[in-house]
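The two complexes that follow have chain A in common; it is paired with chain B in the first and with chain C in the second.
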Partner chain A sequence: MSTPKSTDLGGRALDFVMGIVEAPINGFERLMGRKRMPYLFLAPNLVLFGIFTFLPIAIAVGYAFTGGTGLFVSDRPFVGFDNFRQLLQCEDYLRPGSCRESLFWTAIWNTLWFVGFNVVATLLVALVTALILNRAIAARGFFRAMFFYPVLLSPVVIGLIWKWFLDRNGLLNAFLQMLGVPPEIFLLDVGWSRFFVVVVSVWFHMGFYTLILLAGLQAIPKDLYEAAAIDAASPRRTLFRITLPLLGPNLLVVLILLMIRSVQIFDEAWVLTNGGGPGTANSFIVQYIYQMAFGSDLRLFGLASAASVLMGLVLLALTLIQLRLGRKMES
Partner chain B sequence: MGNLKLTSVTKSFGALTVLHDIDLTIDNGKFVVFVGPSGCGKSTLLRIIAGLEDISGGGIEIGGRDVVHLSPAERKIAMVFQSYALYPHMSVRKNLAFGLENLKFKRSEIDARIAEAARMLALEPYLDRKPRQLSGGQRQRVAIGRSIVRNPDIFLFDEPLSNLDAALRVQTRAEITRLHRQLKTTMIYVTHDQVEAMTMADEIVVLNGGRIEQVGTPLELFDKPRNLFVAGFLGSPRMNILKGKVVAVGETGVTVDVGYGVPLQARIDPAAVAAGQAVLLGIRPAHFAVGGEGLPFVVQYHESLGTETYVYGTFEGSEEQVIVHQAGHFAPERGALLRIMPQPGRMHVFDPDSGLALPRAIEERSAAHEHA
Partner chain C sequence: MSQGLSPIAFLTRTRRPGRIGLTDILSWAWLILGTLAVLVPVVWAGLSSLKPAAEITRFPPTLLPRVAVQQTVPGFDAPLSLWTVNVDGQSREMAMIRRIGLKAQMVDPNNPGTPVSVDVKSMSPVQRLTVATENYTDPLTRFDFLTFLKNSVFVTFVATLLTLIVNALAAFALSKYRFRGEKAIFVLIISTLMIPLTVVMVPAYLVVVGVGLVDSLWGIIIPTIASPTGVFLLRQYMLTIPDELIEAARVDAASEFRIFWRIILPLTAPALAVLAIFSVLWRWNDFLWPLIVLSSRENFTLQVGLNAFQGEFSVQWNYILAMTFLSLAPVTLVFLFLQKYITTGIAGTGMK
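After this line comes the complex of A and B, so read on.
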């Protein structure tokens, strides 16, 4: 294998690098055969993926069946399904207080409510934003960047910014006072704090989903809209009969991602609500897992792992259902 | 009524003007083809008629009605797109029904129109299929069907055959022509393919650089091109252009010398030229007689198409390529010297500065008029 010599600087640099790697690559190729070479290149990432993704999953599943507070598997007694039993033991699932792990069930109900509102709100806001940005409006690039910008921020920063904004002496109250409205301690009110957790989440993540939907909108051929215009379709009918059906696959992707990420709500809400407050009003499932495992001196890794496994199974089921629906939609 | 009148239509995109002062009248029921090279403005003009593009100036009337401020749907036009633009998620039936549903037609009327269009285009077996389950030709027919059900005053076709293979193109060309005879509705058809223009049109509009070069029947344009552009654009292979000089002006024509010691007689109006004036002679490949006296033509190569042969070569001592058409089999050797002579009365004479055709001799013009 020899590469033609280049004359420009970039080309020469490339030739230099290729010269260095050529010999070992040729050696590997002789050793493994050409067909197996792709796996050689995939190997580094596979190793990292194995160590930081597969292995933790396996360990978590293993830990879910052990008890005690030891860190190493060897220190942990096997307890079978005890952790799962503890999580699921309940007189009435609708009343978390009647459950043995009442915090777990509180977190589940909080998370379900949050997922419901957050998925609907984010989807609607992202869709409307994408539809507007897809039009030939002035400064479109600026708006696109603006809506995407929060995605680049750290969740902790997001939580802190909004906390300052919503604080008793925060910007929002200052503004309300200017209008003569009495101040409200938003983050200490159950309703308001839940409302703002959704608002913050929508603001934080919508840019990402807007981008996916915008890509889908731009993939719809312009011809179809012109044909629809000639076919006397009203803007409403164009939206519901042309745009949304053709955006279906993108909407499905957004729905799946949004649902998974909503179930995983944790960091920004944790910072914003000072650890799930007021009380347990904003205590979510990941927070419960975190608190069981790392939040106290108890180190209930078994219980935390069991909760993780349950959450993972639910997410898997949801994803499979949605994918199946997606396939049905396509055919 | 599907007559169309464009008055001084101009279209600019920013500082770029793509259509200059287009004046055009199309009578009801005519099949009119807009033809021209890429970027000549033909598609833009069609889209302006459809209402998909605004105009920068001028007026548009359809059926005597000013439509400049009307939406595409209100103009009573239907359009067949180059890409077909079928709604991919709808069945053929729903594609055909969509426009009628939007116009709130009764279900029974919609079904009747779909059935009629499907019968006309042999689409009955495919009504419940999605566009992606159809071949290119079938999709094309669905796109035409979607136009037919609307029962428009004017059909607009934007290069509808360019995505089809050669055989299907010929077949669909014939189908569209048949459809026009059947429906007797005005059709405006955009193409860059001069064969489509020549074979389908009642009237051809040749566009170039955003201006109309000439409007006429296919044979008018072929026989009497108004300028060098039209002469060169219509006819395949293209017209040969020779540089020459008027050496003598007679009563019924002029004598032009193109070199090689063979003076050529051109039947143009003697009053339009003076002796010594430089001219360009246009001669179509098919209008040379081979053999006997004539211009010395050195053969480079030939293309045999079976029923006809194109011979490529140059005049002796010249670089410029000349193409000669011969019917049937004809296989001259490379390097062979042939004598070729333009057929009398088949020569076109152009002014080299303006590119305009010089007026023909009077009796020829009247003869042509009688012929027409």
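After this line comes the complex of A and C, so read on.
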């Protein structure tokens, strides 16, 4: 194929660079034949996945069964299930204080509570918003964009914006003072800080789930609604008999996706609560792993990996459920 | 969507024209409340980032960035603050010399010889709107934010470029060739979607140490290049490109790489654009991985730098908020201009 020569300078520079890149690749093709080319094209991707995704999984399992503070697996003594035993040894799982790794169990309970509240709140808010946006309402595109905007922001930015909003001298306290309510340092109060971690999480992510649910709602055939209108079905009946049952599979997928993401809460909560505060009221599993491995001078990679493996198994189970549901939806 | 409608019809349009039901009112209330909930914290932080350091912690706060007006009065070394004072039922602007309990000693700037004592309750500060640009310039010059910014731009740009090339090559192989192991490799790549960073971050850190990339910007670029989302998105798009184009090029004796570079890549431009937008957002906002890999300050990205900065200067909210806004600005611009690509991209793949 004759190559059209670019006339502009940038195009010519690009042609020059590509000429250099092309030569060895074409050499490979002449040497190995066209049939081998896809392997060459896949090589960079697979090498990167191998080194930075699959190798770490293998190492994670290796780490989980070794102790000490050495960085490389070869420097680390084999300890069998000791790390798991240390994590799981507990007199009463409901009281983290009675466990050998009380921080781990505090993090587990905090995470479970967070997941519960966050999943329910996000799902409700996203569902109501999607149902409203699915109506023939004016400026729908604007509102959809508005709700989606926070999804694109960085967790650090969101943490800081909300920290300032909830500050002792922040807007919320100013508003409360107008109503005659004394100011409160929300993020230093156990109950309030937990409440606002959920609020911020809903604020951050609900637009994403709204979008997915909205796509599901718009896939429901319009003639069903027309039939319901002819039968003079009440809006409530239409909602419970047509919309929600047909949205059901979508809702389930969103539910599982939400659970998978909620279990991994870290970034925005870490910034918002100054690292899980007050005390350990907002310390979650990922934070526990991070702190065990990187946060202290201890560098307890074994313990952190064992906790990662446990969390990974939970996430894997959730993912498999999701895949199954996805397959069911398709058939 | 509603072009050509008059503003009134646009605002009152409902499913059943001519009737506004309770559902419509509730829907509007929900949408407007939601919009306020999204905007208020962001706008509040933005307005606060323009306030001078002395004003930012004032409580109750003013909505707009204001600053107290000061004036030099003959006979006084330091500039005095101006107040609106009620004297004998008349409102006058006076400068405050000192405050003693509930009384303040004030002086008329035009007549500095005769101070008067004024009840504190009857005076209010004279303020004017201000924009504290030093909140933005100080962190960039006095602190390391210019370095953080440069690092973030470098990482975002290089990682996105490499993400596009590496994943487009893989997607090309997986969409336009039939070879042994094709399906297995595709499943293998897609299966990495199931492995979140949080699960492998400890050993992934070890790998990065092992290959000598710890505390380097390449240590956060290279591990994030290969993207299952990217391969999936580009492959699905490339499948729609007719194979006849490739056959024709082969008849013309074009090399396989040239076919990729000259035919497939230009035709995949819309999907590449979507992936580029995603990649820019991912890399710009990335926090946990850079937090683990980077340890020296000169390598921090904007997000890690912001986090470190707020830990060190927890009271300097004017600087923190200004830098927060600096980090938020490019994302907001991307969103304003490319909103449609992003939402359809997410609705199409269910990923972000």
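We take it that the second predicted complex is superposed on the first by the 273 of 331 C-alpha atoms of A that agree within 3 Å, B and C clash if a C-alpha of one lies under 4 Å from a C-alpha of the other, contacts with A are read in each partner's own complex, and residues count from 1 in each chain.
The criterion applied here is as follows: contacts are C-beta pairs under 8 Å (C-beta built on N, C-alpha and C of every residue); 3 or more make two chains touch, one makes a residue touch a chain.
Predicted, not measured: the structure shown is a model, and the values here were computed from it.
Engineer: Sharing chain A, do chain B and chain C clash or fit in the superposition?
Structural biologist: fit
Engineer: For A:227, decide between first (touching chain B), second (touching chain C), both and neither.
Structural biologist: First partner only, chain B.
Engineer: Have a look at where A:190 lands relative to chain B and chain C in the superposition and call it first, second, both or neither.
Structural biologist: A:190: touches no partner chain.
Engineer: Once the structures are superposed on A, label A:246 by its partner contacts, choosing first (chain B), second (chain C), both or neither.
Structural biologist: Touch status of A:246: first partner only.
Engineer: State whether A:147 touches chain B only (first), chain C only (second), both chains, or neither.
Structural biologist: second
Engineer: Is it chain B or chain C that touches the larger share of residues in chain A?
Structural biologist: C
Engineer: Name the contact category of A:13: first (chain B only), second (chain C only), both, or neither.
Structural biologist: In the superposed model, A:13 contacts neither chain B nor chain C.
Engineer: For A:174, decide between first (touching chain B), second (touching chain C), both and neither.
Structural biologist: second
Engineer: For the superposed model, what is the least distance in angstrom between any CA atom of chain B and any CA atom of chain C?
Structural biologist: 8
Engineer: Could you list, by residue number, the parts of chain C that touch chain A in their complex?
Structural biologist: Residue positions touching the partner: 1-2, 10-15, 23-24, 27-28, 30-31, 34-35, 37-42, 44-45, 48, 56-61, 166-167, 169-170, 172-174, 177, 179, 182, 185, 188-189, 192, 194-196, 198-211, 222-223, 225-226, 231, 249, 252-258, 260-262, 281, 284-288, 292, 303, 306-307, 310-311, 317, 320-321, 324, 327-328, 331-332, 334-335, 339, 342-343, 346-347, 350, 352.
Engineer: Which residues of chain A touch chain B in the complex?
Structural biologist: Residues in contact with chain B: 221, 223-224, 226-234, 237, 241-242, 245-246, 248.
Engineer: Which residues, counting only chain A, touch chain C once they are in their complex?
Structural biologist: Against chain C, the touching part of chain A is residues 1-3, 18, 22, 25-26, 29, 34-35, 37-39, 41-42, 44-46, 48-49, 51-60, 62-63, 71-73, 128-129, 132-133, 135-141, 143-157, 160-165, 167-171, 173-174, 177-178, 183, 203, 208, 211-212, 214-215, 235, 260, 264, 266-267, 271, 274, 286, 289-290, 293-294, 301, 304-305, 308-309, 311-312, 315-316, 319.
Engineer: Which residues of chain B touch chain A in the complex?
Structural biologist: 50-52, 71-73, 77-79, 81, 83, 85-89, 98-99, 102-103, 146, 150
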